[in-house]
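Read through the structure below, which is laid out as structure tokens, and then see the notes.
Which chain is which? They are A, B, C and D, in the order written, and residues in each are numbered from 1.
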Amino acid sequence: MRLIIPLAITFTSGMIMILNFFIPHQPFALLGDNLQEWYMIVASGAIFLGAANLLHVHFRKIRLKLKNWKYSPVTIVGFLVMIILGLFYGVTENLPFDYLFMNMVAPMGATMFSLLAFFVASAAFRAFRASNWRATLLLTSAFLVMLGQVPIGAMIWDKIPLAKVWLMAIPNTAGQRAVMIGAAMGVVATSLRMIFGIERSYLGGAD
Amino acid sequence: MADIFTKIGNLDRRIIFVLIALSVIIPILTDLIIPNIVGAEPSRDLFEFVDSLPPGSNVIISFDYDPSTMPELQPMAEAVVRHLFEKGHKIIGMALWPQGAALGQDAMSSLSDSLGKEQYQDWVNLGYKTGGGVMIVRLGTSMRAIFPTDRDNVPWSEIPMLQGINNLDDIQLVISLSAGDPGIIAWVMMAGDRYDIPIGGGCTAVSAPQLYTYLQTEQMVGLLGGLKGAADYETLVGIDNGQAIRGMSPQSVAHIAIMLFIIIGNVAYFMQKKRGGAR
Amino acid sequence: MNRLPAVILLLLMLTAGAAMSQSGGPPPGDEIRSTALAPVVSSAMELEAVDTPDDAGGNVDITWLMEAEGTVPDSLGVIRTGPSGEDELLAVLPTGTLLYRDTTALNGTTYSYSIVSYYRGEIAGASGEVSAVPSAQWLYSGRVGMMIILIILMSIILYYIETGKRGKELFIREIAGLAAVDDAVGRATEMGKPVLYIPGIMDMDDIQTIASMVILGRVARKTAEYGSPLLVPTSRSVVMSVAQEVVKEGYIQAGRPDAYNKESINYLTDDQFGYAAGVDGIIVREKPAAIFLLGTFYAESLILAETGRSVGAIQIAGTAMPSQIPFFVAACDYTLIGEELFAASAYLSREPKLLGSLKGQDAAKLFFIVLIVVGVIAATIGQFWPPLESVAEFLRDLVTVN
Amino acid sequence: MNWEIVGIWLGAIVTLLLYSFLYRDNPFYKFAEHLFVGMSAGYWVIYSIFNVLIPNWWQNMFPPDGGFNWIWVIPGLFAMFMLARMVPKIAGLSRLALGMIVGTGAGLNMLTFFQSNALAQVKGTIFSVATGGVWSVFSSLVLVVGVVSGLVYFFFSKAHTGFTGKTANLGITILMVAFGASFGYTIMARLSLLIGRCTFLLEDWLPTIPRLLGIGG
């Protein structure tokens, strides 16, 4: 019983979004637009839940002196500094909050992102072994495309860049399309099960 | 005896990390320039199409990008503009993206100065116009109605090089430098498919695979994909130390390093398997 | 030769002349000024006004072109005449504008529109008048095809879910990644190491995250049965709270509610790479024996999978993001490709209604396969025999959405 | 104090601390990781407040020109429900908010995936294969057969034996070629990120060291 109202809300909001897409007439246009904005507000408001959890986890670590607890103050201080500066100065450019974002948070993000350059190399070294014919295909097409990406490919044979273009235009497009169409069917079926309340384990399981 | 191939096969990945780092850092520090070689690829196709146009042809360059994709697209713009000027073609610049008009102006005016070309005689910047594909269709009937003036509000009738141009039929080639939508796809579908105007272009590496299909169906005469495409055009035009060519050097070295790793890994794997089989 | 300076000079001279004649001689008549001194200013032509299609009413779209001859005006004005007969100036637009949307019209009222050209602060030209009646539509005209196909496919899927519920025996093929779930959890138990579950970086509105939560419930039941710790770091607050519910439920169903530890399901940060840094830290310090990466992933996919690989964990990944699948294939032991992620809940639970839903999805794919094959045949033969080309054109229109 | 140089140093230090992870887990990485998690979490809280909650909620509820729009109490209430999880007694209320988030997301996702992932891709595959030369015809056939057999691979309710099995096999083969190509193609984009960071360290940060020494000496 405790699930009836949440399921009704799920059904109503799901149907409003669908009808809004097909019917430009009021009230669906207004309802749909409002609902999208409301959804954004609720999802953003929930961030306090995560923030509270983050602080809770790290204070608990310090209190119980759990493994690596000495680093927890770093997280807490980093978090509070950003919050206080943000509330005090706002998000305007060149003020302290924006300064710390531009000079610390953004470079850290870029650095983590750039780790991928190392990881694609180590993954390629390990995974691209011609151990069976499917792995061999994976390896060959990756290798050909890499050759086609840099001058050395054309140096070996001037048609190699064309092979890259063909691999990207034909098999790659075909593969991507098959994955996309299949996944879309998965999304449609899962969404339907959500909207009609057939799948409800995300609400805590019990029927 | 520890099997050397097993060892190589399970190489500590930190060795790979060091070599990747070096293959990027050394070319940057030494300003290394690796000669670019252009094979039989879409960038050469575009170059050759431009080369084969009769001198004095009217070519539209549509600057459909913004500063965020400049590293890939601005070198293309400069190389293409240089080539068109050197061949004596007339460039009609325009933009489907608001900020593209200014980026196009940079490329055209600086090269026009250094190559002794004249605005309104050899090139014009019509500026940005909203509407994307719909606007392109209208260019098919009348260009002058869409662009009563150029970007600096000089009337169409006052611009010598535009006299005699009525609609897209008077254009010999459209080159769209495109970072997304609206861009090349709009030009292919609206100008290429409807009015049979040859379409070429340049795009970011991310969107290139999607556009390669248009080459397969011959809806485009050529395409510059990402930094490599830009470097190719620089090489073909003869800019030996161009921005894109320099940017390609660490890429080339690192790619070669990764490919060597793959080869070594496979050699080790097969030697290991052979020994395992012999035992 | 560059004629621009000459033109500017001419214009300056004309203005000066006009000013001098105004101050010096007798005030000239209007007709004299417009013919002798003021240039002919171009006005708008081919004006069209239509009710904005596919809207909730109240809008009219006006489009025009500019006359090619004549001096370019300084600006353009949009004039509307309502039922009262009074003219109102709706907007002044910069020269070069070729469209305007009137958003203040009333449904069912007839309005007339015209465009005037301003030159030096005066009206120097006007277009003809056109009229339109705004109205609201009940259906997006460009979305009818999509609606029809969606209704057909929804009915098929719901029908098969019903047949499943009625207890019809349904088959499901082997999915390697999911067959390995038991082994992975079992191995973690043997080694006395935790299981790490990463539900992607998107929020609860993402269907892949929802699918991931359903699988998490199954994995939680397994870890509860085997008695190995389960860690779930999340990148979204809502996902964290749902994961807590789902895992708790799994432990209750396994009869081990005492073993449930809320602290092991925690929030890190909404930041994509901040999350990746945090999870990497957890991986190298906790050294999980099994890692699940199921949900929506972007570039962080390989950062997580390679770090997991380096601590020797069995990794089962799954995502519907086409761009990230290659990296999972390269770095993980098992990868659920695209739709296989959505099939997981049916596979793991063998619940008849979920299996029915899978059968419905298969029928939907068959529908698309038929559409593609018929379309390609029609388009190919249509090249030589036009009637079939119209069939292909019809199919393309059907799947076109505007 | 030159804030620009301080900023470059801050950026360079955290960059180097994070890169130390490539060697192995160590106190420097632990420090940077904990800092990154904390600061970025703080950043997103502030971002949500200033870029969503204030403009999309508060200013709609209390428009700048005065007045009060009661309808905007509803999303505020739902957000409160979500936060109710922190209080065990009323934690159940969060299900109401969850219902709304999941419902809206399901409706929206279903349509966008159906439109751009299914219909648009099907549309792109309906074309004549008989254009261009032999190679073009062959390529077109590979594309169509690839899409169809790839879809057959995703059939779940049919055993992959016989004709279905052969087609599905062809499908997974083409998928593997596609994955390989996509992997090889992406390497360039990933390397350019590393090149970006190296350029920052070598060309923005390194030159500040002699400058600082010059100031100091």
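The rule we apply is simple: a contact is a pair of C-beta atoms (placed from the backbone, for glycine too) under 8 Å apart; a residue touches a chain by one contact, two chains touch by 3 or more.
These numbers come from a predicted model, not from an experiment.
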Most distant chain from subunit A by Cα centroid: B
Which of A-B and A-C has more C-beta pairs touching across its chains: A-C
Separation of subunit B from subunit C, taking each centre as the mean of its C-alpha atoms, in whole Å: 27
Centre distance in Å when subunit A and subunit C are each reduced to the mean of their C-alpha atoms: 15
Centre distance in Å when subunit A and subunit D are each reduced to the mean of their C-alpha atoms: 4
Sequence positions of subunit A contacting 2 or more other chains: 21, 39, 43, 46-51, 54, 68, 105, 108-109, 112-113, 115-118, 120, 122, 124, 126, 128, 138-139, 142-143, 146, 149, 164, 166, 168-170, 172-173, 175-176, 178-183, 185, 187-188, 190-192, 194, 202-204
Where subunit C touches two or more other chains at once, by residue number: 150, 203-205, 207, 210, 237-238, 241-242, 267-271, 273-274, 277, 285, 322, 325, 327, 329-330, 337-339, 343, 358, 361, 365, 368
Set of subunit D residues in contact with two or more other chains: 18, 21-22, 30, 32-34, 36-41, 43-44, 82, 85, 98, 101-102, 104-106, 108-110, 113-114, 118, 122, 125, 127, 131, 139, 144, 147, 151, 154, 175-176, 179-180, 182-183, 185-188, 191, 194
For the subunit D and subunit B complex, residues of the former touching the latter: 22-23, 127, 131-132, 136, 139-140, 185, 187-189, 191-192, 194-195, 198-199, 202-203
For the subunit A and subunit C complex, residues of the former touching the latter: 21-26, 29-30, 39, 43, 46-51, 53-54, 57, 60, 67-68, 105, 108-109, 112-113, 115-116, 119-120, 122-124, 126-128, 138, 175-176, 178-183, 185-194, 196, 198-199, 201-206
Complex contacts: residues of subunit C adjacent to subunit B: 1-4, 7, 42, 45-46, 65-69, 71-72, 95-96, 98-99, 310
List of subunit B residues in touch with subunit C within their complex: 13, 118-121, 127, 129-131, 135, 138, 142, 144-149, 153-158, 160
Subunit B partner contacts - residues on subunit A that touch it in the complex: 117-118, 120-122, 124-126, 128-131, 139, 142-143, 146-155, 157-162, 164-166, 168-170, 172-173
